[in-house]
Amino acid sequence: MRRALPVLTVLLAIVAIWYLAAAMMNAAWVRDQAARANQTVTTGQLLRETMSLERPVLPAPHQVAAGLWDGIAKQKITSKRSLVWHGWVTLSATLAGFAIGSLAGVLLAVGIVHSRVMDQSVMPWAVASQTVPILAIAPMVIVVMASIGVTGLVPKAIISAWLSFFPVLVGMVKGLRAPEAMQLDQMRSWSASRAQTFWHLRLPASLPYLFASLKVAIAAALVGAIVGELPAGASQGLGARLLSGSYYGQTIQIWAALLTAAALAALLVMALGLIERLVLRGMGLAR
Amino acid sequence: MAINLWLARIGSRASRLSVAAVFGLTILLLWELACRYFAIPAVILPAPSAIWASFTGNLPLLWGDFVQTILKGALSGWIIGALAAVVTAIAIDRSDFLQRGLLPVGNFVAALPIVGIAPILVMWFGFDWQSKAAVVVVMVFFPILVNMVAGLAATDALQRDLMATWGAGYWRGLWSMRLPAALPFLFNGLKITTTLALIGAIVAEFFGSPTRGMGFRISTAVGKLDLGLVWAEILVAALAGSAFYGIVAWIEGRATFWHPSQRRR
Amino acid sequence: MTAGSVTTGPVVAARGVDLTFPTSDGPVHALKGVDLTIARGEFVSFIGPSGCGKTTLLRCIAALEAPTSGSLLVNGMPADDARRARAYGYVFQAPGLYPWRTIAANIALPLEIMGFSRAERQARTARVLDLVDLAGFGGKYPWQLSGGMQQRASIARALSFDADLLLMDEPFGALDEIVRDRLNEALRALWAQTGKTMLFVTHSIPEAVYLSTRIVVMSPRPGRIIDIIDSPLPAERPLEIRDSADFIAVAHRVREGLRAGHSYD
Amino acid sequence: ADPLTLQLKWVTQAQFAGYYVAKDKGFYDEENLDVTIKPGGPDIAPVQVMAGGGADVTVEWMPAALAAREKGLDIVNIAQPFKKSGMMLTCLKESGITDPKTDFKGKTLGVWFSGNEYPFLSWMSHLGLKTDGGPDGVTVLKQGFNVDPLLQKQAACISTMTYNEYGQVLDAGIKPEDLVTFKYEDQGVATLEDGLYTTAANLADPAMEDKLVRFVRASMKGWKYAEEHPDEAADIVMENDETGAQTLAHQKFMMGEVAKLTAGSNGALDDADAKRTVDTLMAGGSDPVISKVPEGAWSHAITDKALK
Amino acid sequence: MTAGSVTTGPVVAARGVDLTFPTSDGPVHALKGVDLTIARGEFVSFIGPSGCGKTTLLRCIAALEAPTSGSLLVNGMPADDARRARAYGYVFQAPGLYPWRTIAANIALPLEIMGFSRAERQARTARVLDLVDLAGFGGKYPWQLSGGMQQRASIARALSFDADLLLMDEPFGALDEIVRDRLNEALRALWAQTGKTMLFVTHSIPEAVYLSTRIVVMSPRPGRIIDIIDSPLPAERPLEIRDSADFIAVAHRVREGLRAGHSYD
């Protein structure tokens, strides 16, 4: 209860602001429609109508909730109209991409911290790689992959790995360099090998940085998976859902897909937070 | 690679740059050779030479796109987003109630995927750079927030005790202790988001834009199969992004010179 | 600036102070039944085996730790209020300098917090740097100093704002005999001139005897007070007093207490 | 059965009903073909997919296809199921636009890019209007996926297809009386839309050519079936939509409108239509879409055999 | 495990060792012209004012710092090779325990790194914990120990792997007289039994005189050796030897040297 109360309060505040915003943003359309029909609207009418438009600028929370309920609970989960099904498709690509991406990020960071050549040659290019607008090359990635016969989950996972490796790389480079000079000196005085220094000092010292980065990375991986679903071919997943919703102007559907994606991300971040707490407690670091 | 090993060992500033350059040139060379040797069609992957020709041939166009997307869209959004994230992080740090209420909800809200938000924000903020900046704000907010919250918690017990013995109030402790201690984390977030800001600004243009901007150019050039121009824009993005990152990293070096990761030994 | 100087009652009044740390493998009794009253202007040394709770007791007085039970008043008010009133200066066992500030800036920090003017800060910083023989090192960063120099910087910091009550936890542990003697003399002179109240943890019996008007001997597991010795030495104490019979007698009594505290002895 | 991959220009919808009907009704099976239909999406150029080897045939609009040819991609039109253009500009009446020749000046117009902007650009150059946002030209917006810019009044007019976006505008609650539409067909700047394209290399390969003949024959059978059974065709499209986002009502509307565009075609390309498309594009003013009359950009070889 | 025991030459041979730290406000001369030869089995103490370069000299011998000029051999090989051969154990001036490891795990860490078996690790950890009187605290985390206890844990860690050469930087600074005496005796006994070579930094003149076969007195700015005293005391040294005339004479000479090192004296 102590934990739920603040969350509920904030949620309530958000819903209230949301209703207000919906009323304000949708009002223009309602007034225009009335003007076109040569009618005048009372405030009460206005309020009622702004809450129940079919193509609102901003759907009211209950409309989105209805959309969510319809997409999640009312469909068989194997149905292509089920958000659970689409969510699962996206989730699997996200997890695959996250696994590849964070592994690559950690490995590159280890390389960078230990090798001067890698430090000087990889980092600028890793930065450059992230500035390549992913949506621009996502279609190309998918086209190129398709032309060598790779379709489905793998191209999406690659795009999502592409986006997620970078936060891990940056965070880990920092974290692996975080130990105090004296701690490194100790290791040197024991003539510890690089591997030993890594496992016993650098890695544990980097964990706070690692987890902060992983949380960012998993959200990025989800974005990557969704981006990978936008261009040709993908017709499953939350990205495809967002796109078709957007294409047909079904605002409620967009918001339902959006909230599902956000919920997914939040769950993943929370799961990481839990793992973080367990790991840090196991190491005696959580106080 | 042997050259690289040798250069790396010298380790001066100039050689640092040349190591990266040698590495890059090697890749470019392989790319060019692959394009020629396998006769990869230019509409799939143009050769570096073709990209360069397109780059030098379209400089005024590219400059206009750069101003529209990066200076107006990405930079303003990044600054606003970073400020918002820092302020929120402090609010979260300050208030236990917000910490328990806002952080979980904040995780959720900030995890809204940008590709979903972009069309909505374009609808709300119009076609010009304002909507791009809004997308960037949403995109950079979460990474900076997460890092900043971690950073504000990064002081050690002795440092906090000292502040307590001086009867320093919250804001004093924040300014003199927690903020400096959070800087390494903050810069971590700022560096990650330099590139995110570019991606966000460019991607948002795919969802509606005036007839200029890097995202606009890329999507229309893809339609025209003018892949040379597409890659020239990507090159601009890469150069701008690296410069942006480099500047932030340089400031980081100045601002957090005292952190073990920045000290030379 | 230094509040609390209005009251005339005892500076520290502890009654039955207990403190237990809960740890994963059972509770640790750090303090048990500590009764202690310290009047204004006393110089009290705490001595006892390592781990007997000296630091913990000082931390309780500084309101950095809350006793599990018992009552503890500082300047007649709850310890926490005294902390907020900036009643004391605290030298911790470790230097605890902020790595992002130079030595001078570290010393100026509490002055800044307490709202001293810039000129005043500079004057005071220079004075205390000189006092601990670190003039000329104000511009260095903490990691550029030797251990003893860091320790001295931290002493200078606690002295800079002239609190009426000084809590010092082994301030001279990392210093050589000559500097130590010098600083002992300086500290006594400071005390004699200003009428401050001093609480001083040390491991050196001669130091404790030389400096104090009262010596508190503690014993571990659980941490408690086993002896309180009122010094018979005169107020005027040249360094040579250490060879006097009175001095040797007190030192002997302290040593006996200390020995008794070591269960394995 | 012989495998064949078709890359669509856009997502699964009744615009491509003929192919889905042919697949569902077994017309491809009858020709011993195993056809894979790949839906398209935004910012993907179907011909690029084909050039990369991801597809054998694509549905593409002729302006984009001709532009790709100029870029050196040897792609050829082999059939033209769509006789007429469905593209138009839809304006809010309240914007005060009644005549394109006089009223566009200074207005903001929404246009699709990614290869779909060519007809618009040549129309504007016909009208002598600049598209750079200056005071005596029009301001062009890169229109996103939907009709919101019109509903939010961010643009005076937006591009719509008779069979799709126009219906969405109506669905949104705006009455036809409140709208003004300009069909490209009526403005004399119509260009050929959904045609089937393949690479010249495919065409030169006899085995492939045979497959294509069978494919076009079956596809046209599908189209004609769809025209006659619009409701059933819409159902089939719905079943094939994996996003689960389409509504049956909208697909039925779309099928009805698409049928009007395919009506006049048996699949064979009418040289006159192609000629008109080329002329429209060449007249693109200072920056014409294509700079020279294309050679061999279409072939009757397939339809001749298929329609025998 | 402990290499280097094969040679018979000096353990440390320094010739004209200079070390300058470049800092932003000019270079710091930490060591200047240090000549020193230490034979196997010696017990050498270093004493000198705070900041005179004792730590720096030890760090050079441990190859944690590279002299700017001069030659330095350890066990007849360059210092860095000796380090790699795990020639020494080092007790740093600050405890430097890893916060994520318990005390026992901290002590076992070098053993783990040097490849001792699990059983051996446990046996040795228990033995050294006992030696420094921390039996029963193996399961605690560093922040749960008092300052002196942490210091002792760090001594235990350096003793655990039985290096032939021990470098100790003010190991007993944070300990009370009783424990200190006890550990002094234990250290001398260990040295006498094992024939290890000890390099020992301290600020306590009696401690230096009691423990050493040779005492090196240093002076700051620039850090250099100003006196090397061979101890005339017998090998057998009960604690009472501190009252002997020889002892007092040596202590006097050390104090004189120390005083000379303090420029302000």
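Every chain is named by a letter (A, B, C, D and E) in the order it is written, and numbering of its residues begins at 1.
The rule is simple: contacts are C-beta pairs under 8 Å (C-beta built on N, C-alpha and C of every residue); 3 or more make two chains touch, one makes a residue touch a chain.
Per UniProt, the chains are A, B = ABC transporter permease; C, E = ABC transporter ATP-binding protein.
Nothing here was measured: the structure is a model prediction, and the numbers come from that model.
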Path length in the contact graph (chain A to chain D, fewest steps): 1
Minimal step count in the chain contact network, chain A to chain C: 2
Centroid-based (C-alpha) most distant chain relative to chain C: D
Identifier of the chain whose CA centre is least distant from the whole-structure CA centre: B
Highest-count interface - the chain pair sharing the most C-beta contacts: A-B
Centroid distance [mean C-alpha coordinates] between chain E and chain C, Å: 28
Inter-centroid spacing, chain E versus chain B (mean Cα positions, whole Å): 49
For chain B paired with chain D, centre-to-centre distance based on mean C-alpha positions, whole Å: 38
Centre distance in Å when chain A and chain E are each reduced to the mean of their C-alpha atoms: 53
Sequence positions of chain C contacting 2 or more other chains: 94, 143
Multi-chain contact sites of chain B, meaning residues that touch two or more partners: 44, 119, 123, 206-207, 219, 222, 259, 263
Touching two or more other chains - residues of chain A: 57, 135-136, 139-140, 143-144, 147, 180-181, 230, 246
Each pair of chains that touches, named by its two labels: A-B, A-D, A-E, B-C, B-D, C-E
Parts of chain A lying in touch with chain B, wherever the complex brings them together: 2-3, 5-11, 14, 25, 57, 116-117, 120-125, 127-137, 139-140, 143-144, 147, 166-167, 170-171, 174, 177-181, 208-209, 212-213, 215-216, 219-220, 222-223, 226-227, 230, 238-239, 242, 246, 254, 257-259, 261-266, 269-270
Residues on chain B engaged by chain A in the complex (per definition of touch): 1, 4-5, 8-9, 11, 16, 19-20, 22-24, 27, 44-45, 97-102, 104-105, 107-117, 119-120, 123-124, 142-143, 146-147, 150, 154, 184-185, 188-189, 191-192, 195-196, 198-199, 202-203, 206-207, 214-215, 218-219, 222, 230, 233-234, 237-238, 240-242, 244-246, 259-261, 263, 265
Of all residues in chain A, those that touch chain E in their complex: 180, 182-183, 185-193, 196, 200-201, 204, 283-285
Chain A-facing residues of chain E, complex: 59, 62-64, 83-86, 88-90, 92, 94, 96, 98-102, 109-110, 112-114, 141, 161
Contacting residues of chain B [partner chain C, same complex]: 158-159, 161-168, 172, 176-177, 180-181, 183, 256, 258-259, 263
